[in-house]
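Could you have a look at this structure, given as structure tokens, before my questions?
Labels run A, B and C following the written order; every chain starts at residue 1.
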């Protein structure tokens, strides 16, 4: 679209190629190179991000021989042997089931309780709400390894070790601060006016909350729930120490697959895939929400 | 001697073949409705946008593709664009620091500017602590302190409340006259444009509709768009047909407006195909009376009245058309009342559907 | 009807009702947050050894703390942890910032983000395992190609995980792989949330790209930056899962962070009280640190 028009007013008839245009061309060129480099970097970064899991997954489809081969084999025919071993011989199904139940339950519970709590924090002015919020935040500071200990004792005394319920309760409790933190940020965004309008119209506070606030907060609730789900699913330390047998979830179970002398990497790969792929897929599906929730909650502070 | 010669051509067809010269020490206004391209023109002068074709000259220097920083222009943004984390002093000092002036020099200049704009007391405050008017003055200060060749302003008054606006209109004009600055500003408020500029450029849909002094544009609009845009309340339009045999204009097939012989001849000469016209008459030239006046007139129904203090704006309805008249307070009117309306050919504007033909 | 309305409108000021809503939360948090803390406090001043249950419980005051502070391993752990946390967080930050700024200029940011989420959401244990596999001497795909690369240049590249000098850096690298996306996401959102007008004003005022970055972009991002630095630092400090799987603290004690040390003390040697004391120390450090950080954030924070 470069139309050459002459300048009618001044004395010189020039084409569009002037000094400033030349410097512009140089600038454009540099920009194009820069852009190309950026694309390059970004693509490489994507590959780096993707590769390790891709490799693990690939390894899980190899036979034992192939998995241990040097130099590493890139092309092979996929076999599902490792998966079969895991599920039929090493009880992977149980662990998977445990993980699913525990994550989903704790996610649900913590989100419900947390949202209600956050609602109360944001909607009502009562003394100490600020300090409570702060205290909730500081819960994060404790190293999880340390916290396991007393929980371990409680569990032992109550005989609740190695049960699914205890893990569910535990996880719910652990995620609660996080839920409150995020939901608080979101709920603060929702103006009270609409609720008040509903209440003036005659609704009780509960109906107002249910009909008005809830729909508006739904995306936030979902995002938070997803986040908690991921965190629960990935949790290792507590499950490792507290649930050694029947209630074991997936992450610690990976270690058991490693217990024999030589690490059977292809089986480990299968285990890893079982653990990580569902969650990754899940995260990818809802990534928009996820990112929004994560960053939004942060920025709100 | 500043010579601003610029020609900007289509960019996303936002600006089409704009041709414009701004004289030294002149206050020029780009006026037009939202989306007409005026802000784009301004940004092309500043260097924040680059044209697809055409050239920009500032002070005889060709700057079309230069970075904003190399163009020696200063810009005041619509939302002031102050640096929120810097104090007022630092905000104004920013361009000077970029140019690596010494601290004493900076302090000096800022003091002078602060004196000029009366912002000495707020120098140590943050933008979040300022009122709208103060923010604008800081924004101005940042521009002024650079002593640039041109000042560019994007809707300078639209973020202020009505009262501030009225005050700032005169203040700004005075300020720039005092500084002897060359200013180009953009607005959609025709009142602003009329009162503040030495020359105006009315734009619409990317094209320049008319250039000239405010009075020029007001009294001799080139087309119906310009006529309709300038003036408050807006000009009244009536579509009509030109009957050359009888020498009359027929509105709504009912109202017949007789044309003087000279006007008739004039119209016939212009174009033998002239048929559909549009009449324009400004509200202040419409006369109303309770009784039938001696000159040509017709009856219309009072739709609603808007008292304005010493004057009154009467909305009238005739058949399907609504129009407004501005009169001095005198007659008592009620809704639905039928009164006599008349106007003089002298004040009539006639337009084709496209161009304007003017008669005053 | 009016009575109903009066009741509703004034419910905001009801004293007990909000407490009712939040009570389950508080209850739970108390159990999970306060009680363990108290328990640990108590433990730390006693001498409980789960490994030696026959030793009678006595109050030994700050003996545990003294023991820890005299332990050379403790200081090693501190060194390792500080290095790990410091390097990891700093590198992650600058990488994340760079990536965020690059991603802003480019279309197709969503695709990019899709890939980047993967390291973040993967189970940390799996991250550790995957990398351990890839870095396994000779077997691992990464190790193999790095060796080959070294051979091409005639350098002998040491084993990445088994070599005590390098192991820590390898672990740091893995952490960087895993958490840079976190920085990226937050910084990207932060960058996007900035109004573009001050930037245009700066361009007109004559500032060059680098100057704009230094004087405007960074200051405006300050709250965001501080938040993600704080969170990431605390998390890095407390990292356990990946390190446990990657190196278990070794080789030797090259990657023995405080968390690993704590784990060993409490669950391998079962010196429970000592572990409790250590946990308290760690908590203390984190409290001081985050306090400092939050003060830096200034009044902009409403926690």
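Criterion: a residue touches a chain if its C-beta (ideal position, glycine included) is under 8 Å from a C-beta of that chain, and two chains touch if they have at least 3 such contacts.
From a predicted model like this one, the values you see are computed outputs, not experimental measurements.
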Request  = Find the two chains joined by the most C-beta pairs in contact, please.
outcome  = A-C
Request  = Sort the other chains by how far their Cα centres are from that of chain C and give me the top one.
outcome  = B
Remark   = Separation of the C-alpha centres, chain A versus chain B, in whole Å, is 54
Task = Between chain B and chain C, tell me the centre distance in angstrom, where each centre is the average of that chain's C-alpha atoms.
result = 58
Whole-Å gap between the CA centroids of chain A and chain C = 15
Inquiry  = Quick check: in the complex, which residue numbers of chain A touch chain C?
reply    = 35, 38-39, 41-42, 45-46, 48-50, 52-53, 55-56, 59, 68, 70-72, 113-114, 116-117, 119-121, 123-126, 130, 132-151, 153, 170, 172-174, 176-177, 180, 199-200, 202-205, 230, 233-234, 236-237, 241, 250-252, 254-255, 265, 268-269, 272, 275-276, 279-280, 283-284, 287, 290-291, 294-296, 298-299, 301
Message = List the residues on chain C that touch chain B in their complex, please.
response = 197-198, 200-208, 211, 215-216, 219-220, 222
Ask   = Where on chain B does chain C make contact in their complex?
value = 46-48, 67-69, 73-75, 77, 79, 81-85, 94-95, 98-99, 142, 146
Key: chain C - residues contacting chain A, complex   = 1, 4-5, 8-9, 11-15, 17-19, 21-22, 24-26, 28-29, 31-33, 35-37, 39-40, 43, 99, 102-103, 105-106, 111-119, 121-127, 129-131, 133-134, 136, 138-141, 144, 177, 181, 185-186, 188-190, 193, 223-224, 227-228, 231, 234, 237-238, 240-241, 245, 258-259, 262-263, 266-267, 272, 275-276, 278-279, 282-283, 286-287, 290, 301-303
